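Just so it is clear, A, B, C and D label the chains in written order, and each chain counts residues from 1 on its own.
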Amino acid sequence: MADRQKVVTPNPALKLNQAGFDLGLYKGGKTTLCAGCGHNAISERIVSAFYEMNIDPYSVVKLSGIGCSSKSPAYFLSASHGFNAVHGRMPSVATGALLANRTLLGIGVSGDGDTASIGIGQFVHLMRRNLPLVYIIEDNGCYGLTKGQFSATADIGSTLKTGVVNDFQPIDTCVLAIELGATFVARSFSGDKKQLLSILKAAIAHRGTAMIDVISPCVTFNDHEGSTKSYAYVQEHEEYFGEVSFVPYFEEINVDYEPGETVNVTMHDGSQLLLSKLPENYSPNNRAESIQKLIERRTQGELVTGIFYVNPEEQNLFDRLNLDDAPLGTLPQEKVRPKPEALDELMAELM
Amino acid sequence: MADRQKVVTPNPALKLNQAGFDLGLYKGGKTTLCAGCGHNAISERIVSAFYEMNIDPYSVVKLSGIGCSSKSPAYFLSASHGFNAVHGRMPSVATGALLANRTLLGIGVSGDGDTASIGIGQFVHLMRRNLPLVYIIEDNGCYGLTKGQFSATADIGSTLKTGVVNDFQPIDTCVLAIELGATFVARSFSGDKKQLLSILKAAIAHRGTAMIDVISPCVTFNDHEGSTKSYAYVQEHEEYFGEVSFVPYFEEINVDYEPGETVNVTMHDGSQLLLSKLPENYSPNNRAESIQKLIERRTQGELVTGIFYVNPEEQNLFDRLNLDDAPLGTLPQEKVRPKPEALDELMAELM
Amino acid sequence: MNTIGDKIQNKVSETSVQTKINDIVIHVATANGSGSQSANTALLRSIFQMGIPVSGKNLFPSNIQGLPTWFTIRANKHGYVARRDQIDLLVAMNPETATDDLFKMQPGSLVVYDEPLKLDSLRDDIEFYPVPFNELVKEIVPNAKLRKLVRNIVYNGIVAKLIGIEMAEVEEAIRKQFPNKPKAAALNIQAAQIGFEFAAEKLPSQDKFRLERMDKTKGKIIIDGNAAAALGCLFAGVTVVTWYPITPSSSLIESLIDYLRRYRIDPETGKATFAVIQAEDEIAALGMVVGAGWAGARSMTATSGPGISLMSEFSGLAYFAEIPGVVFDVQRVGPSTGLPTRTMQGDLLSTAFLSHGDTKNVMLLPSSPEEIYEMAGQAFDLAEQLQSLVFVMSDLDLGMNNWMADPFRYPENPINRGKVLTAEQLEKLDDFGRYKDVDGDGIPYRTLAGTKHHKAPYFTRGTGHDEYARYSEDHQNFEVLLNRLNKKFETARKLVPKPVVEKMENAKFGIVAYGTSHYPIVEVRDALQKQHGLATDYLRLRAYPFTEELAAFIDQHEYVYVIDQNRDAQMYQLMKIDFGTKRIGKMRSLINFDGLPLSSDRVLSLILNEEKDSKNGR
Amino acid sequence: MNTIGDKIQNKVSETSVQTKINDIVIHVATANGSGSQSANTALLRSIFQMGIPVSGKNLFPSNIQGLPTWFTIRANKHGYVARRDQIDLLVAMNPETATDDLFKMQPGSLVVYDEPLKLDSLRDDIEFYPVPFNELVKEIVPNAKLRKLVRNIVYNGIVAKLIGIEMAEVEEAIRKQFPNKPKAAALNIQAAQIGFEFAAEKLPSQDKFRLERMDKTKGKIIIDGNAAAALGCLFAGVTVVTWYPITPSSSLIESLIDYLRRYRIDPETGKATFAVIQAEDEIAALGMVVGAGWAGARSMTATSGPGISLMSEFSGLAYFAEIPGVVFDVQRVGPSTGLPTRTMQGDLLSTAFLSHGDTKNVMLLPSSPEEIYEMAGQAFDLAEQLQSLVFVMSDLDLGMNNWMADPFRYPENPINRGKVLTAEQLEKLDDFGRYKDVDGDGIPYRTLAGTKHHKAPYFTRGTGHDEYARYSEDHQNFEVLLNRLNKKFETARKLVPKPVVEKMENAKFGIVAYGTSHYPIVEVRDALQKQHGLATDYLRLRAYPFTEELAAFIDQHEYVYVIDQNRDAQMYQLMKIDFGTKRIGKMRSLINFDGLPLSSDRVLSLILNEEKDSKNGR
């Protein structure tokens, strides 16, 4: 029998954030993922990020596909509507939901199987459209829920516990996303609380598609030697692309800056994003360069994390569609059913 | 009533190539595409390439998805088995067919809608697998067969005849293919007979996935101002990436070469590929650099053609699977049904 | 079929010794992309403007240019608009098919043809009208490329003279074709006039067929079913539209886009009260519909067979998670890619059970522009009332052909959004269970994302869940859920449009049909009564699941014919699944699956064959 | 269902006053990922090794670790292996479910439990056996992480002592579980022994249930249906295997990969005579099967419900273009993602009509490991003979549970590749038409790509085509083609495996069932005869389309029950579609759709309810 309590009722006894919501509303149900699963750590960061950003949880929608990762929306933001869709197709469902109500803040959670295998088509087209959505890949290089088969982000040469070796080059979702037109692309590691929280906050403040590939080791099926996604490997090989820290609602800082220095990108809600600029002349708003950098470092076997690309100026899908400011889904009849005169006019033309 | 003649019978009265096959076997049925359609020009080049390369047409399979472009296999190589599959799914059908018979030479024809919209998922995974297949995108930036809607390679800002404007950045299939691990990536223009023929020949000689994006204007729906795929636009804006000419069965030329010079890549059948090396230090076997170059030139609004990337050394799918040399599909029973002792052994283990 | 069918045709022919007034079938054979579409539509319109009931059917290839295309116009004083197998007047413009086309004509019929084709040497039992089309247009159009486009309209003038269409109407009709291009209109009118004059001077007249002004089209409109559906969506207040182009559904969306841009930009804000997305494929198209429907939009997509197949997985999700959405299936010939430009009612069975597991879907079955316009509105209401997908099963014949119709009525009822709870309503409730059957009709209440109340949020999923939308693998929860979904389907039975029943006195049997099969049946029932003394009753299905009227209809008759435009008698099969032996025993299946709009001749011969067989005690 | 079902259970309970020999249902409640799988399999095996017929069913959650899991072992001297609703001995290891589990037990049954759970305070009508599991393993496993994994095997020893399983068999069974890990085996054996000794010393003995050595499992194997299917594919000579992981089908492919790597590397060349591709999704998986089947491979994939939905478009292509391929559907609970780890026969209707247009598919219906092994072979032969997809409809119960089986027989017949023409054969032919019905059976001849003959090449497509595989939009070609496909389906009727019929004298009615419904029916028929004096006949379907035996069976009986494990009575519906009123009138549908393996109790109560109702003249 499932637990009979059905909604998280606000609990003012708990500490409230500045928007007046208690932490309980940001938390979710008890996880059914494995103890130690990277995905749980990500859920925790999501809880913190939304709480600390003072987001009204009732205005959030959380969506996912199918997989262990895709279960996690049940484990955060219990006061938000959730939608666990079908495998690999969260992007389309999220697109529909947010078109129906553009005032919602969307967060989509997917797995590497969900995104890079069955879902790569919807991923590609989501990135092109620049739908305002925080899109998180909980990336463990395997299919956790179906017991550990390789996904398309599994590293070439890595081995399953059964000894089967992966012959195929992994898909680099960050390079793809940048190339395809995503306007916020980052990578982090589920074990790196500080960086992940910062990136999440920046993503939440972004008004376009914010794609975060979070390396999130599967402790059960992918945490063994030969796997480059295991905790040990990641901790050894990880390297920061830049120090990332999120500064909400501070005064605006100039984005024009010199190599080796620090850059502030101003987000649409006025909050800002502080990036350490790489000495190699890295700029967070040059597509070609960030792709090149990523490929280069990847070729050297390095796992780079950080925010690779941000473009807060690009028109998002709502702008492109010249969408009404009010949620389409609840427009009153007067707004959506043309007057009788319109029908008369049309009929006259057809006579 | 369809024409009652059902097979192209060899016609020795026609000129034979060195392998002893007459040109008629390389030709196809009468085209039903629009007069002047770029796709027809591509079919003609394909006929020439296979004829001049002395490929046994009976050992070729030609496959496609659905679209005007995907009809074209009916218009070349009548002596080859053909398969017009479903929309966007040619890659999987081709994969199956070539696994069943690795001795076949596969040529797949797709459209930009077929590849970059509905088929982008299969495209991505085909590129990763390095299946030996010549993969041609007949790229007109629109859906010809369904009357001209935008495809995902339509340029941002281009307009339909109805005045609808495309708001989305085009997918650059060449950049994608290189990033995803394709081992031969090129772009050409259907009106450029010489270059296209050379590239086709090089692709035919390649033993891995050879992806060619051929800009192929749709004269009916996409040949108007505002479209960047129209003949006029292409002819104005086209720029050669390098002079390409194919030299079959000549002696091997060294691939180690200096910027500004010319490079010969040795193909697996011993035939070679001659490339003019760009002064900008372009090398046809550096993934990161060719991607960078492509993006750079694209950003400048240039349409680059040529062979961008070739890696003849990469293991292809057959190698990776350690596949028997004989066609799997016709292995005799002795090879595919284990002996009774095997069953006895297995049963004993289960007792 | 042929013997009886032939007999009927012969009979019709025999009666044609005198001049037939306002009763003719015209067949124009051209090549795709040759500009014949405007000429044919103008021809159709000119007859319509004379007050004569008329219909036009375009038989076109699945390519863009150069392949044979036929356009059939039927003008009929009784208002019969179904296809006829027999053609009275052929306009043979296409050298590729001219001979074949000619040999399909009945002796004594009329053939206008492009003179160089020299058809008159092939048969001597035909009345030939050779026309030197190229010569005629040369004078007025020196540019050869342009000439090709104008050449066709010449036959509008020829035909007008030959059968009595008033030239004023021809001109008016051509002007309608080029509303914003007065120059093009003028040129085309000139060409038609040249044709008219040529016919007057050089061609013999005939007295077999004659059109005369009547008043049967007054106040009517001409529209294709796809545009009608689009208008229905417009007035239903659709807000999210997704699509992936596919023949024959593309023009539904393209019309809708036009209408939306025209009537749904908020005059105050200048912003769109709708969103249209051309998706990457049909999976994504339905995924977006589902997401949008879930979040409160009136969402829809349109597709055809291959798209329906791809929508299978999302169909199951929508069924199980109870999400509204409207899908137009403009059916074409399957299986597989099939014949993309031919018509069929081939997706009923797969749509009814679209998805694995125990999935069942609601379908509406429009048969006319008026009806698909109205059903579009009903579909959105039903989808939201039932919290499920509603499939509107149109077909190529309805969707892409030109139909005469009564002007559409402005919706009488306000938009029905179904059981949606607001924050205020939630506040008053003790308890909200997203999947609880509170009203006993199997339909639960829902809340929309963004509702600012702590009871509102719930988690939607395609996995097992309890009445409070919580994940559950409990088998009892599962049984309760599936039984409730069944109950909801029973409720649907009461909400869907009822069939239309038409009776005659002393009917010998009943006919059950749906969609575009309607038109031949109207004609055939008259023919059966008048020519064969057979009175019939007729039930036209308008929805699945079936309503009680269907059962009653079967009960009232000794037997009923069930007419399907598909090989596997799909509606008949759905009826078999639903009914018990007594009713099944009365059902007789009649099928046609040649991809052509169902002809009256075909239906008549099917029924007469059966009647003969049963007389012979088969 | 409950009243009658309860009565039956009570009856069974009443008879249990004396010691029941070799007749017990053991239920082990643990948590997922806690290492219980090895313990449970070893427990099952130890009973099997004593010669007692036994079956094991795993009821597990759709997660990887930490959620409740139940394993049910039924040992039965008569060989009944169906699930029973009543449990005789509960091993309660999971604190989360212990109370619930306990309250489901009948009075007088036995409960072994983890002592800290203190279950004995909750009921007083149960025989309790508290065991301090943690204490017991502490001595032998100091490492706490490891201890968790070994803890479970202790109950093997406890249960062995309690009901009389020989310790030697327990040890042997454990060794089988760890074939290449002697250390792990030793540790586990030690733990089991500790359990055995504890039970001997500290627990009271009982005399309600006792296992005694018999000889009913000699020469038998234990295997799950997925592995059996994989073996069938191995010996059928499969060459191209594609898949996309999905529960409960993944282990079919994973077993197959193991077998292929072991037996299908050519000893001479060291190269693989097979290719396995993990595709990007199910659409690609079937696309590859179709491509491979077209080019001559024996190709296959395995999936479950959601995958079947995604395969819809390619299914239509394969049907229409006539391409062989085998699809295993290991069915789970739908609609949508449903209950991924529960069993159901829910995909029959959607698979039979999988795709838009008039598509129809062949399905095989295995019910045992032996049969799915053999049907795998038949499926490949049939697919190539019929040039179509063949769907093997397994389910989670068959696929993932452990079954006793007879050793598999080596295939008697050589591989049947169907009508494939070689260059030599082509040379002798005047005429080759790829889609010509030369033999009158609806099955044309084909050639494979690469055949070096000028007559060999043809163009395959999902669009309309004539007998020579040329593109055609001609409606007559289309009708000919669709009618021939229908004829081929009729031929399939003659080629598919016939049903198995079992009779009793003076049978009052017939039972029609398929797949895993077989096991409860075997038991229920005996019960009906012995306890209710009702003799029955039984037809077990093995394929769709139906063969003539089904019609004959219905004709021979006053009425027949049709048993489906799905809500919509899907097989019953398929039968209704196929049959006329006389037969339909005799069919009565019985359904179960709770996602659990069908229990004998459930079937018995369903039938008795109906019998009672019909006695009461319903």
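Worth pointing out:
Here, a contact is a pair of C-beta atoms (placed from the backbone, for glycine too) under 8 Å apart; a residue touches a chain by one contact, two chains touch by 3 or more.
The structure displayed is predicted, hence computed values, not measured ones.
Between B-D and A-D, more C-beta contact pairs are found at B-D.
Using the mean of the Cα atoms as each chain's centre, the chain most removed from chain A is C. Centre-to-centre separation between chain A and chain B, using Cα means, comes to 35 Å. Each chain gets one centre point, the mean of its Cα atoms, and the points for chain A and chain C are 43 Å apart.
Averaged C-alpha coordinates give centres for chain A and chain D that are 40 Å from one another. Of all residues in chain A, those touching 2 or more other chains are 1, 86, 117-118, 120-121, 124-125, 129, 152, listed in ascending order. For chain D, the set of residues that touch two or more other chains comprises 61-62, 280-281, 306, 313, 317, 336-337, 461-463. The residues of chain D lying in touch with chain A in their complex are 33, 61-67, 100, 244-247, 250, 257, 278, 280-282, 306, 336-337. Here chain A touches chain C in the complex through residues 1-3, 6-10, 25, 56-59, 61, 63, 73-74, 78-86, 89, 91-101, 103-104, 121-122, 124-125, 129, 321-325, 327-331, 333, 335-338, 340, 342-343, 346-347, 350-351, going by the rule given at the top. Across the complex, chain D is touched by residues 1, 32-35, 66, 68, 71, 86-88, 117-118, 120, 143-147, 149-150, 152, 164, 220 of chain A. The residues of chain A lying in touch with chain B in their complex are 117-121, 124-125, 128-129, 152, 167-169, 171-172, 175-176, 179-181, 287-288, 291-292, 295-296, 299, 315, 320. The touching residues of chain D, counted against chain C in their complex, run 61-62, 305-306, 308-310, 312-313, 315-317, 319-321, 333-342, 344, 346-347, 349-351, 353-360, 461-464, 473, 475-476, 478-479, 482-483, 486, 566-568, 570, 573, 576-577, 580-582, 584-585, 593-596.
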